[in-house]
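One structure is given below, encoded as structure tokens.
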Amino acid sequence: MLTAVEIEALRLSLQVALVAVAASLPLAIGVAWLLARCEFPGKTLLDTVVHLPLVLPPVVIGYGLLVLFGTQGPVGGWLHESFGLRLIFTRWGAALAAAVMAFPLMVRAIRLALEAIDRGLESAARTLGASRLDVFFTVTLPLMLPGIVSGGIVAFAAALGDFGATITFVGNVPGETQTLSLAIYSLTQTPDGDAAAARLVLIALALAVGALYASELAARRVRLYIGRA
Amino acid sequence: MTRLRVDTRRRLGSVEHRADFDLPLAGLTALFGPSGAGKSTLVNLIAGLLRPEHGRIAVGDTVFFDAARGIDLPVHRRELGIVFQDARLFPHLSVGDNLRFGLRRAGERARAPRMPYDAVVALLGLEALLARRPHTLSGGERQRVAVGRALLAQPRLLLMDEPLASLDAPRKAEVLPYIEHLRDAFDLPILYVTHAVDEVLRLASALVLFERGTVVDAGALTEVIAHPAAAALRGGADAGVLVAGAVRDHDPRYGLTTLACEGFALRVPRVDLPPGTPVRLRVPAREVALALSPPDDVSISNRIAGRVEQVLPGPDAPASADVEVRVRVGAGTVLSAMVTRESVERLALAPGLRCWCLIKSVALHADALALARGRALRTGGDAGPAQA
Amino acid sequence: MKLPAFLLALAMIWLLAPTARASDAAPPVTVFAAASLQDALETLARRYREQTGRALRFSFASSSVLARQIEQGAPAAIFASADERWMDHLQERGLLAAGTRASLLGNRLVLVVPAARALNLDLTPGFDFAAVLGSDGRWVTGDPSHVPVGRYAQQALTTLGAWPLAQTRLVRAENVRVALAFVERGEASAGIVYETDARASTRVRVAGVFPADSHAPISYPFAVLARHDSAAARDFLRFLSSDAAREVWRGHGFGVR
């Protein structure tokens, strides 16, 4: 059975990952759209920046977040002064770190889904009287759904598992930022923590496998629903 | 009478696409030409899916595009209905929802629709399909739904871009009658892009001819069909002409109907139409024989006097076994006869010669007949006989 | 061979070839040391190299992390811990070379704040820790569950009666240098580190010194590890307690026995 600390870490992990994915989903859709449909100067730059978290060491990402979003940083300072909002040492900061790390995965999946959509369908919708915005919400978005769903779930799993960026940016604060990964890390340093660490490792494994499996299933069901089976 | 005025230029790759014509919009106008000649491009230009580089497009009083004045009406405001070659049904919606997609966005026009939902569904035989998903339908069914969807958007003009091109022969035969019905049921002008001769001859009353990206002629079918670029419509295996006429009377004893054409009469197997119904008839050139004097002891019922107008190919062209002889009969109709070169030489057929066209009644069967309801062929739509 | 292929081959050879050292035939001695010893040890290593020409390899981290790595077989010759408990941990498992363990250094525990903040406290029982933190501030030190400085901090705060409040606002760092960095950045309102760390940084100031009796004595045991015992290792260990070395230790603020 799990101790209170372990349950807390699990709950926090799920909450942080959920917030991370939900909050970054609209932005991911927007960026995927830009990359898939638009041509503009700096497009390659945007593509590169979006994919940085996939290739940079997570600690570097965490450090960057610290510099930008810490209370002494340009963005974090402004947030703290204007809204009294603090990201560092809080679960919102942890969500931000997780979101940044998971973002490229989401964008990739959504972009692929977007590129697979038959543009002819969108033209047809316009000839039937739908404005561009109307077309996006009634045709494009529903057809993107499998990509959004599977991308969101994979991003959720990635957000769950983040360590380097989280610990470097928001530190290790049980109940606030001590997600599963951080808890496991702490426990492996503690003299008698091996058993507890093993339990949490199993849980983390189960969550990751479950998420990947759910992602495949969900995408398949949505594809059936929109008639692409 | 609304007119379609198009005067555009647009570069596509290495070809420049030019269109310059002014047509009354009535009935079904075919846009005909070989593949790649620019027909689909014209549809896309009129629809607004493609932007001309220069020129003007107007339907009636509404200006769709005017380069000089900077007008470019957005696609979704042009009130057009488009049927694409690949149907383009929305896979995530049921057939019913697909059909209603345009209707829901028709605003004012949907309040007292010229093409009501139930009428369209009945016309196209879609009742059984309403709850199904597009990917479960056959090709023919999908095209019918696509047509219905375009109609229900209450368009001012229906554009059909090679709607039957991706269907096999049986599927095509299944869908073609529906298009004929809708042409006759609704007072809706149709632009019909095709490279299939039989579709043109069966459906169209007006014709726009394309060749290498340019419109070379436009007007009533019976006139434009004489243009050199319309050779495909006349020559080859499908060579034939369209003859305008009306049902005169029926002969119950022999099961025949007499059609009164312009200056001559034709007897055909019985057609179930009341006398006075305007029809037009395809007379395939292969079914027309020629004689120098009217034979009485021959089984052929239709013997029509005329004068040879043209022998194709001309004397300078390479020799072929078949020759097309064009004969002017009656009040000016030109019939085509396909005969062997040997016969032409044997009978010394040459322009100016008086001859008789012999057409077997049984060759003029019902599906070579098209109903030209409400419009006359010659003018392409201004005045026509009253509805039968 | 074409030029690009030739260059590629050259690069591969350079990357994969074992590095040959000009001077010594013997491999360098690896030292695992507590994070707080970093500056002093690096200075001493330079001196040692000047004297003997021998190079050393270091790994600085929390004593807890290092001890666990050694336990798992990490190839360290010398272990310098920030508390006796982690050295005991290894001794219990028979990993120390007999007779090499000695505790030379001591340290003091201090409360630091970002340099811009002018704060001086008497760290006596019942001192107002809440005032130090402010309404939503957090303080940072090594994770008390395993990092030595965190353990000392917990002991000190418990003795002074501030632990119940402090515990709820604690950010647990992996080692004392990370804790220091958070205070230097101004993200944490305060931190508890060693006096030597505070001295090494210009961006924090010491707000108060914890009384030596509020926590277990801070002691740095050094030892050679049995699995990688060597003359070179023992020699360096001896050097670390030489008179010259003691001067360096004192210079950095360590107490020397």
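Letters are used for the chains, namely A, B and C, taken in the order the chains are written, and counting of residues starts over at 1 for each.
Here is the rule we go by: a contact is a pair of C-beta atoms (placed from the backbone, for glycine too) under 8 Å apart; a residue touches a chain by one contact, two chains touch by 3 or more.
Small disclaimer: the values here were computed from a predicted structure and weren't measured.
Chemist: Write out the two chains that share the greatest number of C-beta pairs in contact.
Modeler: Top of the contact-pair ranking: A-B.
Chemist: Point out which chain occupies the most central position, where each centre is the mean of Cα atoms.
Modeler: Closest to the centre of all protein C-alpha atoms: chain A.
Chemist: Whole-Å distance, subunit B centre to subunit C centre, using C-alpha means?
Modeler: Result: the chain centres lie 91 Å from each other.
Chemist: I'd like to verify one number: the distance from the centre of subunit A to the centre of subunit C, where each centre is the average of its C-alpha atoms, in whole angstrom.
Modeler: Chain centres of subunit A and subunit C, defined by C-alpha means, are spaced 36 Å apart.
Chemist: Using the average of all C-alpha atoms in each chain as its centre, how far is it in Å between subunit A and subunit B?
Modeler: Distance between chain centres, rounded to whole Å: 57 Å.
Chemist: Would you pull the subunit B residues touching subunit A in the complex into a rising list?
Modeler: 47, 49, 74-82, 84, 86, 88, 90-92, 101-102, 105-107, 133-135, 149-150, 153
Chemist: Spell out the part of subunit A that touches subunit C in their complex, as residue ranges.
Modeler: Listed in rising order, the residues of subunit A that touch subunit C are 66, 70-72, 86, 88-89, 167, 171-174, 178, 186, 188-191, 193.
Chemist: Which of the residues in subunit A end up touching subunit B in this complex?
Modeler: Within the complex, subunit A touches subunit B at residues 118, 120-121, 123-131, 134, 138-139, 142-143, 225-229.
Chemist: Write out the stretch or stretches of subunit C touching subunit A in their complex.
Modeler: 62, 64-65, 68, 89, 136, 138, 140, 143, 145-147, 170-174, 182, 185-188
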